[in-house]
């Protein structure tokens, strides 16, 4: 066995692979780079060729102009409020339902499970018009209620947490029961803390979904101070009557992406774990 | 048992409770904050409008003045910068119709036909008497006609009072004309001269086979950009009773073909690929197109950013012997279901008063529908570009009030789709119109 | 016969109530209303009235619907295959214990978490035929003669949307494939290599079959998400040029919120629902045939 040259070949292949991966990673990040650079360029120079890969001067005043043009702070706060409340509520509701399916015995369990299952198949667009009118009936249009409440319920989290609870050893919960805890206390004090990884993963999913949600907030908000970040950005784009200012648009896009990147980098480990757990099971 | 003790004492549960309570309160408070209630017997009315940041700035100043002189009224500005009619439609559908709405005569019929707007004729006195009253004679007749809806029982309704008249004209770059040695356009120029000028102004500066400077702009949407060519050729889109599609007449087709050939046969206008995501205004500002067919709304940006001398000329005279552009109006309507009709009318009178209209006119944005402001230096602004602002006023005489059926959006979508290959040079106009005519005819027949 | 304790049942209902109620009110109720609307005529103003199957007939006879349907199917197929294949390739390479694995994972994953609205803006700028980076770079590298019209030509616009989608989703798929690959025990590989198998053979005969459950999961998610693409079309092309990017959800949205044709829009939505349902069902049935080793993972 000519191990020497074989190892060299392997190393060469590894090296090439690494380079390719790096190239790919750079390509993945390039749009973000262009976004940031374009946001810092002088508006007159936006259409200059060749396209700029590095700003000539750092024109931070583009961001100033952005804030004068659109209430980015309001959009941001709205997004934060809606996303956070939706996440907490959704995770809690899903955990409760998941726990019930996992640990409790009650009549018609399978039928009710089926009811949950069906909702996974329904594409959200099917419901959008009647849901809009439901919001109108509740007088929730253009309020936080319309942005938050419909997003609090979903079967995906229920299944994910049911799976997780199924995997927990029952002894701790049984012990708690014997000790005199009612089911809520068992859930709250024993099961839930043990489910933290799954909860974290679900929370991140729900948060991202709420933060990036576009079509629903678009339809359900009218006034500027109710708009979330994606809707605010789309509105900004549409508000340029005749002369689109790309520097301002890119500044808005940059601001909208920074928080998600921050959250991601902080919770990367849990997130990856959660996705991988969710992916390798059903 | 020990581990269980640990769980019981963990205190995690204890920390969560105040957290959740806090979140709940935040949630509740923000719901309440969203629906602010007015205080001190103040009446709160809603005004919806589109507009860029500058326009809104001017409007807000005006509203502050209004609230000062009318302390018991508070105006809530609902600013919808894009997809205005989509949003408005949803608001109307949800019984959240704003009390006062800015609307355009093109999108006016569908709401007028459903009784969304209040009849404003009682607001117009026979002749102006006293400050703040409005009379019929103050407005250009075409603008009032644009907002008159005839119901099926013959009754007429004046659904909105006009703020401005929109028509289009040809903006041109005086520097580029001078450089090419061309005389500037006059009111008598026709299609041939227009084309000649455009050809001479289409230049390939770096000799790569592609023009880098174009003679004229090209917009295919909305129809207000190509319909004037159809009209100036003597054609029409619909019959006057809005029952038939007559875009296939030889005159109309001539208009369509002339416009399409600007791009395809003579290549004096940029193709889609050549302009991409850059708007015609931006190309004009960059001096990459010498002439731009556009409306008065381009003026503020040009005044602010153009680094060259520019002016306007009327659309060239077509084969019909006339230069005809569309006249549509934007104006304020009052919701028929408003809870505060008196206050809404007060706001309307204020917004259409001479001072208010003058304030909006001064930015250069609009051609006021009020004749006293339009014919004055407030609009004509001697010393400021465009020197020939009168062009917009003169176009009103021969202009075609855009008369639209209620299903306009859908019709335009179909027609736009059918005409796209024509603008791209893939199909002749006659073929395209023939293929889409039955569908459009059907839409006209079935009504709203 | 299992005895149900009354108190446990009560507790179960308490636990289930929020989610169940929420789903009933915010998913089932609108879902049924939508079904009803698909059999009605309504334009938001006035009252809906029953028209039976008229909407479905109109939609199924509308060539624009079929064009939209075909476009969507092509889109889902092409972007789906690209996504899956590329993500799998990346996952396989990444799995080979390359240095900086977590960096690469994060880098490829980043586009997935960002709002489609913001990245659509950037890509709209990148795709500009005259000023965008993509055409410029391709021309500089002499790979291109004439600039590609991207979003402005019916032949290229859909590809632009495909590329955007692949770029955005590839990281997510890669991470899931990575998880599936890492679950394959290395001893299997060792014995194969000892037997003298080439890496291609190893991949084809060992790796691929072992990750079929993951493939199934990712496949279904990619399929369903593909059919629901909306944000990018709304921001980049609005269905054009010449209807070439009129994906079904956007076409439905247009019918509902631009033409105010609620009946046909609801019909389109339900047809889409049926399509997804059928495809998922078919995938599920096929699962028995090609998803292997499911019980062992």
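Residue numbering begins at 1 within each chain, and the chains themselves are lettered A, B and C in the order written.
Everything that follows uses one rule, which is that a residue touches a chain if its C-beta (ideal position, glycine included) is under 8 Å from a C-beta of that chain, and two chains touch if they have at least 3 such contacts.
Here the structure is a predicted model, which means the values were calculated and not measured.
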{"item": "Chains in simultaneous contact with chain B and chain C", "value": "A"}
{"item": "Of A-C and A-B, whichever chain pair has more C-beta contact pairs", "value": "A-C"}
{"item": "Separation of chain A from chain B, taking each centre as the mean of its C-alpha atoms, in whole Å", "value": "37"}
{"item": "Between chain C and chain A, distance of the C-alpha-averaged centres to the nearest whole Å", "value": "16"}
{"item": "Residues of chain C whose C-beta touches two or more other chains", "value": "125, 130-132, 257"}
{"item": "Touching two or more other chains - residue numbers and ranges from chain A", "value": "47, 133, 219, 234, 237"}
{"item": "Contacts with two or more other chains, residues of chain B listed in rising order", "value": "90, 93, 277-278"}
{"item": "Residues of chain A defined as touching chain B within the complex", "value": "47, 68-69, 81, 84-85, 88, 132-133, 136, 141-145, 148, 172, 175-176, 179, 185, 188-190, 193, 219, 222-224, 226, 234-244"}
{"item": "Residue ranges of chain B in contact with chain A within the complex", "value": "1, 3-4, 7-8, 10, 12-13, 16, 20, 23, 26-27, 30-31, 34-35, 52-53, 78-83, 87, 90-91, 93-96, 277-282, 285-286, 294, 297-298, 301, 305"}
{"item": "Touch list for chain B against partner chain C, complex", "value": "86, 89-90, 92-93, 114, 116, 272-278, 409-410, 413, 417, 420-421, 424, 448"}
{"item": "Interfacial residue positions of chain C with respect to chain B in the complex", "value": "43-46, 64, 124-125, 127-132, 147, 149, 151-153, 240-243, 254, 257-261"}
{"item": "Residues of chain A defined as touching chain C within the complex", "value": "14, 17-18, 20-21, 24-25, 28-32, 34-35, 38, 46-47, 49-51, 92-94, 96-97, 99-100, 104-107, 112, 115-116, 119, 121-131, 133-134, 149-150, 152-155, 158, 182-184, 187, 208, 211-212, 214-215, 219, 229-230, 233-234, 237, 246, 249-250, 252-253, 256-257, 260-261, 264-265, 268, 272, 275-277, 279-280, 282"}
